[in-house]
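Dropping a structure here in structure tokens format, bear with me for questions.
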Amino acid sequence: MVESVRRVCAVLVDRANYGRMHPVMRAIQADPDLDLLTVCAGTMLLERFGQAEKIVSADGFKIDGRVFLEVEGSIPATMAKSIGLGVIEFSTEFQRLQPDMVLLIGDRYEALAAAIAAAYMNIPLAHIQGGEVSGSIDESARHAITKFAHLHFPSTKRSAEFITRMGERPDTVFNVGCPSGDYIRSLDTSLPADLFAKTGVGGPLSADNPFFLVIYHPVTTHFGSERQQIQQLIDALAELAQPTLWIWPNIDAGADDISKALRTYREHNRADWLHLVKNLDPITFQKCLKKTICAIGNSSSFIRDSTFSGTPVVLVGARQTGREHGGNLIAVPPQKRSIMDAIRSQVTHGRYPISNLYGDGEASMRMIEKIKSFQPYRQKMLHYVSEN
Amino acid sequence: MVESVRRVCAVLVDRANYGRMHPVMRAIQADPDLDLLTVCAGTMLLERFGQAEKIVSADGFKIDGRVFLEVEGSIPATMAKSIGLGVIEFSTEFQRLQPDMVLLIGDRYEALAAAIAAAYMNIPLAHIQGGEVSGSIDESARHAITKFAHLHFPSTKRSAEFITRMGERPDTVFNVGCPSGDYIRSLDTSLPADLFAKTGVGGPLSADNPFFLVIYHPVTTHFGSERQQIQQLIDALAELAQPTLWIWPNIDAGADDISKALRTYREHNRADWLHLVKNLDPITFQKCLKKTICAIGNSSSFIRDSTFSGTPVVLVGARQTGREHGGNLIAVPPQKRSIMDAIRSQVTHGRYPISNLYGDGEASMRMIEKIKSFQPYRQKMLHYVSEN
Amino acid sequence: MVESVRRVCAVLVDRANYGRMHPVMRAIQADPDLDLLTVCAGTMLLERFGQAEKIVSADGFKIDGRVFLEVEGSIPATMAKSIGLGVIEFSTEFQRLQPDMVLLIGDRYEALAAAIAAAYMNIPLAHIQGGEVSGSIDESARHAITKFAHLHFPSTKRSAEFITRMGERPDTVFNVGCPSGDYIRSLDTSLPADLFAKTGVGGPLSADNPFFLVIYHPVTTHFGSERQQIQQLIDALAELAQPTLWIWPNIDAGADDISKALRTYREHNRADWLHLVKNLDPITFQKCLKKTICAIGNSSSFIRDSTFSGTPVVLVGARQTGREHGGNLIAVPPQKRSIMDAIRSQVTHGRYPISNLYGDGEASMRMIEKIKSFQPYRQKMLHYVSEN
Amino acid sequence: MVESVRRVCAVLVDRANYGRMHPVMRAIQADPDLDLLTVCAGTMLLERFGQAEKIVSADGFKIDGRVFLEVEGSIPATMAKSIGLGVIEFSTEFQRLQPDMVLLIGDRYEALAAAIAAAYMNIPLAHIQGGEVSGSIDESARHAITKFAHLHFPSTKRSAEFITRMGERPDTVFNVGCPSGDYIRSLDTSLPADLFAKTGVGGPLSADNPFFLVIYHPVTTHFGSERQQIQQLIDALAELAQPTLWIWPNIDAGADDISKALRTYREHNRADWLHLVKNLDPITFQKCLKKTICAIGNSSSFIRDSTFSGTPVVLVGARQTGREHGGNLIAVPPQKRSIMDAIRSQVTHGRYPISNLYGDGEASMRMIEKIKSFQPYRQKMLHYVSEN
């Protein structure tokens, strides 16, 4: 069907992107009809976020382009400026690499920048994880990316339906499931005993004993209230004082306030319960998520990936409001008492049955087939018109 | 209802924007509960596009910000880079002006840049003319802007319905009609006899005698085929050799090829029939559109504004495919014979009855009321979720 | 001489800038013939550098513009990109503010960005501290700024001579002295006893007891060797284990490695001797510099400002090679033993006599007079031509 | 001496750059110890300036990078923004290409952008044509580039001396002559009879009959007075009404006013004497300069290259004030009468003897030797210090 080898450019904008994208990248690499190009961008390149590009390289992927785009400030205006710089830089890379398709994931502003560059350059755009619903500005960015995309790979039946209802051509929308489901189910949970002796800062932590796993990102649409929210979460966990693996937040506006609260807490308290890391490679992260007695915070991974492992989750605050989730999740407002109660309840309950809500483990293969048989087109049109 | 005066920032990114926006700006100016801020951007500031900002100033509007953003090149990659620079610059202006609302119109990349800056800065965004359908990358940009907007002012019933179907909250979508309809119906068609002696280049043209009106923009999704298309149009009009008022194209990727074809034609032909202008003020433009015996090309104005005046229109090519239009329009492919036949047919037919498809002349007032009573919110959410 | 009030735009790009510029700003403010405009840029706006703009505001200066320009990465390429973004943003601010003169200081890349914007916009540029000699890329930037400047305010006789030798018109070069000299001599050294209880992190520190003061910035032209250098310095100070006030480094390429070394040290060691602060207001900083028993590192302040107070200084590494200094300084390579020996020697020696090398305390007044009597010109020309 | 092949990145920012650089590029290409990388930037990529990159490709050079950087506006602020965008984009290209040396020429803002990117990225910078003196902002930019450069290739003895006097290390400054001298002397002046039938617009022009050659660029430091100056020049030439080959101006702030004056003149006058071209390939251009009976305007080429051919030149206005020139040149203010008188005088005089002021034709070879034996260093230092 494909006449020549199709060059697919995978765009990775943060550590979580790579966690979901790598099975697809592997499958592209293995397919003789496809060539993989990899562009790393945003926090993947930054030391203070663990420089996840090194993991990509270590996994054997050649990095064909690097896009530095983060303008410092951690306020909404600099977040916007980062998008602007991102569009400028992604168009330079795409102009040079001349891919036949750009493949990206999710809803981050860095991904929006890449989507705009690709769409205005008439490069077909494939989008993973469209159609989901959440809080933060990501909600708008995700759907805007959908409006620029030519090929849609949602992770759930509902997301696929929502994309079609938004006016996308049904023959371009494929519910393939989330590619992280392709490898999480089969992962064992063995981890080196001394893992956290070598990684991160803070109190001692052994992966062999029960621990909490925490990620808490800012909610950009609530910019200005981060400090108060994170304090409630810290207070709750400090009172519980169980060994806790905490991953630093992403770079969204407001993240500086969250980081500062964590640093301030550590400065003024003996906090042996708290172990902080910048980043984990995707496999190690998923093992930790499988192994933790409770995942706490507002990472989309806790909603999505936890369905593959049945991990008990306490979802805190508004960042994921509206996102589909399994039965393994208790949602609470960012208040100390509610958080503590929910954690205790989840620890008591223990592991939940796994679910197929976010796919059955064949996402990558399905995507590869659709990417290969995709008939390139440039001009999109609201599908309602053909219906009318 | 409004506690303090609400600062509304009107963003104007090209001459056509201002033609539609100025009745709304006038109404905002006149309302004691609202303050008008005006930001001029893109080609409005450029001499080679007639520097429309001067018309804005001459009309008595204070210009509070200027955004230079066009990166030269006239190729898709530089169009993308212009968006990037635009996001950077608009966020600087919004950070400084601190508006309570950003108001913008349409689907151009410059407007997309402003929409992204506003949305990521948590400034409520009101969008005029969402929900329409067309060709070119504008189709995608228009709907992406919808996904960032908090308040929607579509121009037709169908557009309003499409916006709601795309998942926007119905209580934020108001079919107000197109604001250009607020003044076009009542315009007389008197024009200074020597108007074109002082404006533009080329053959003599009298507004008192029958003339054609032509605008032809590139179709970015067909980038690379402009030269061939424009040549067919020039050839058709050269053969007809009627006095023709032609307005230079916008700045989209491919526009250089269109301009070059026009310049080359003029260089090698005695072309007394052809009079070229960079720009007309909105009133003069609308009078010309009312007066022309046939409007030819692919400007959205020919579809929309012509319904208010019953002007016969020959729509050429794919740029407006899908857009709602009145009965006054014949659509043809960019081929010399088809164009000539359609023009002759329209000239024979003469004026059509006017239509209310794009509104009844009360758009501005309706918008003002909605802007004043708008309850600001930041967090958007796909409306389907509440339905489910 | 000046017909109307002259608008002078002071550009501040980091905490050190403000420490030197504020007496001049005060003098401009007080002069009826001059209006002060203040633009804060770069790290002055960033929380992780102590957001020095707050000190500027608290001191009663209105901030007329803010320029976010730092692109994250801490590598040479992102440092370059920050300059690019800076030129874009400074030209926006200058276009809006329309100053009659831009006044800036020193050799940082952010200042270079402002200088380029001003010069290409035909705004007369006044430059403080040109003609000095140092290591790092600052050496090149400083002289490049000189080549764009129309009015020169060097701090020493040698610097003035060097500027003239570089081909600047002698009637535009004025050895006024360093404006920090205008207030440092007369400062007392009283500090609140609990100052460091409220500011910074790390071990307890009392300003009443003897302490070391340390600042260590990267040397961009040695990019890649920071980690090794800083480790030698940390090891030296750890072995001495005297109470130490350490100010985090600036944002130059390589700074992340320095910060990381400090954080790693703190994580793995009980380091009661080490107290870290992001920033001090200029008065407090100068009091600390007056009070410390030894200043250690490579800040230009240790060379320049220490001459006004006779503070013993140990200069480490190549960053200031070539800069004029008083007799109060011992220069050593970045090696533990050399550093320790030099510190011990300086502590034994104690305070040095103060010197007039960097001025006699009248710099601000001299500048004001020259700014007021300056005859604006745009066209520069290498002075050698007129000599020949 | 060189251990491995040295990668030299030639940066070309406009048509004139390439005219001077191509003999050097040829020599690099031919040398087994050197690899040539070519980056085309700025107006070289733009259709409206004749897209000189096509000539580079046609001459057999691979283009390794393209930098779009021109922000539209033709005012000083957009010129500054273009520099900013240029620094961002050049650092992307240099980061990717990792050259061992960047080689650039002259004084344009695009070259300044490249110089800054290279210097901050610790890439050794070689600069051709430093140390010259002229008007416009180029005067400042040229010397600023010198302050960033590690290796200097001035074209005249005086320029070499000036660079050294500016504090550059004498062992890095080599008076090699201008590389355009390497091929101009030996060029014949044969041109296709129908050359101008196929190139450019306007009246007929035969290269076989006597003609004037005109280039007139804006003087940025006189921004605002272009219209008046160019009008004087047009009026002078219109009165003489000799066949004239006129090359459109560069992109500097003010160029739009010059172009507009030319277009307006053509629109309102029968101007058979005037033939306009966007660009000529370097060989054709030099043949025209050799052949013209008088070169008129303010291009630096008229000063420099005319010394190799003895062409009579009328230099108009302040743009080249201070630049060394041969005896073949009459300088006049931009006034109609003065221009006419000088042209008549030059035509009467006829060809002048050729001169070695700008070199003896061995520039490329000398540069290659110095590039090959160059000992890379990063840290510059004002040479006066070692003298003192």
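Read from first to last, the chains carry the letters A, B, C and D; within each, the first residue is number 1.
Following the convention adopted for this analysis, contacts are C-beta pairs under 8 Å (C-beta built on N, C-alpha and C of every residue); 3 or more make two chains touch, one makes a residue touch a chain.
The UniProt protein names, listed by chain, are A, B, C, D = UDP-N-acetylglucosamine 2-epimerase (Hydrolyzing).
Everything numeric in this text was worked out from a predicted model, so none of it was measured.
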item: Chain whose mean Cα position lies farthest from chain A; value: D
item: Pair exhibiting more inter-chain C-beta contacts, A-C or B-C; value: A-C
item: Gap in Å, rounded to a whole number, between the CA centres of chain C and chain A; value: 41
item: Inter-chain centre distance, chain B versus chain C - centres from mean C-alpha coordinates, in Å; value: 50
item: Where chain D touches two or more other chains at once, by residue number; value: 77-78, 81, 85, 88-89, 92, 95
item: Residues of chain B defined as touching chain C within the complex; value: 65-66, 85, 88-89, 92, 95-96
item: Complex contacts: residues of chain B adjacent to chain D; value: 45-48, 68-74, 77-78, 81, 85, 201, 256, 260, 263, 267
item: Partner chain C, residues of chain D touching it in the complex; value: 76-81, 83-92, 94-95, 109, 112-113, 116-117, 119-122, 133, 135-137, 139-140, 143-144, 146-148, 158, 162, 165-167, 220-223, 253, 318, 321-322, 378-382, 384-385, 388
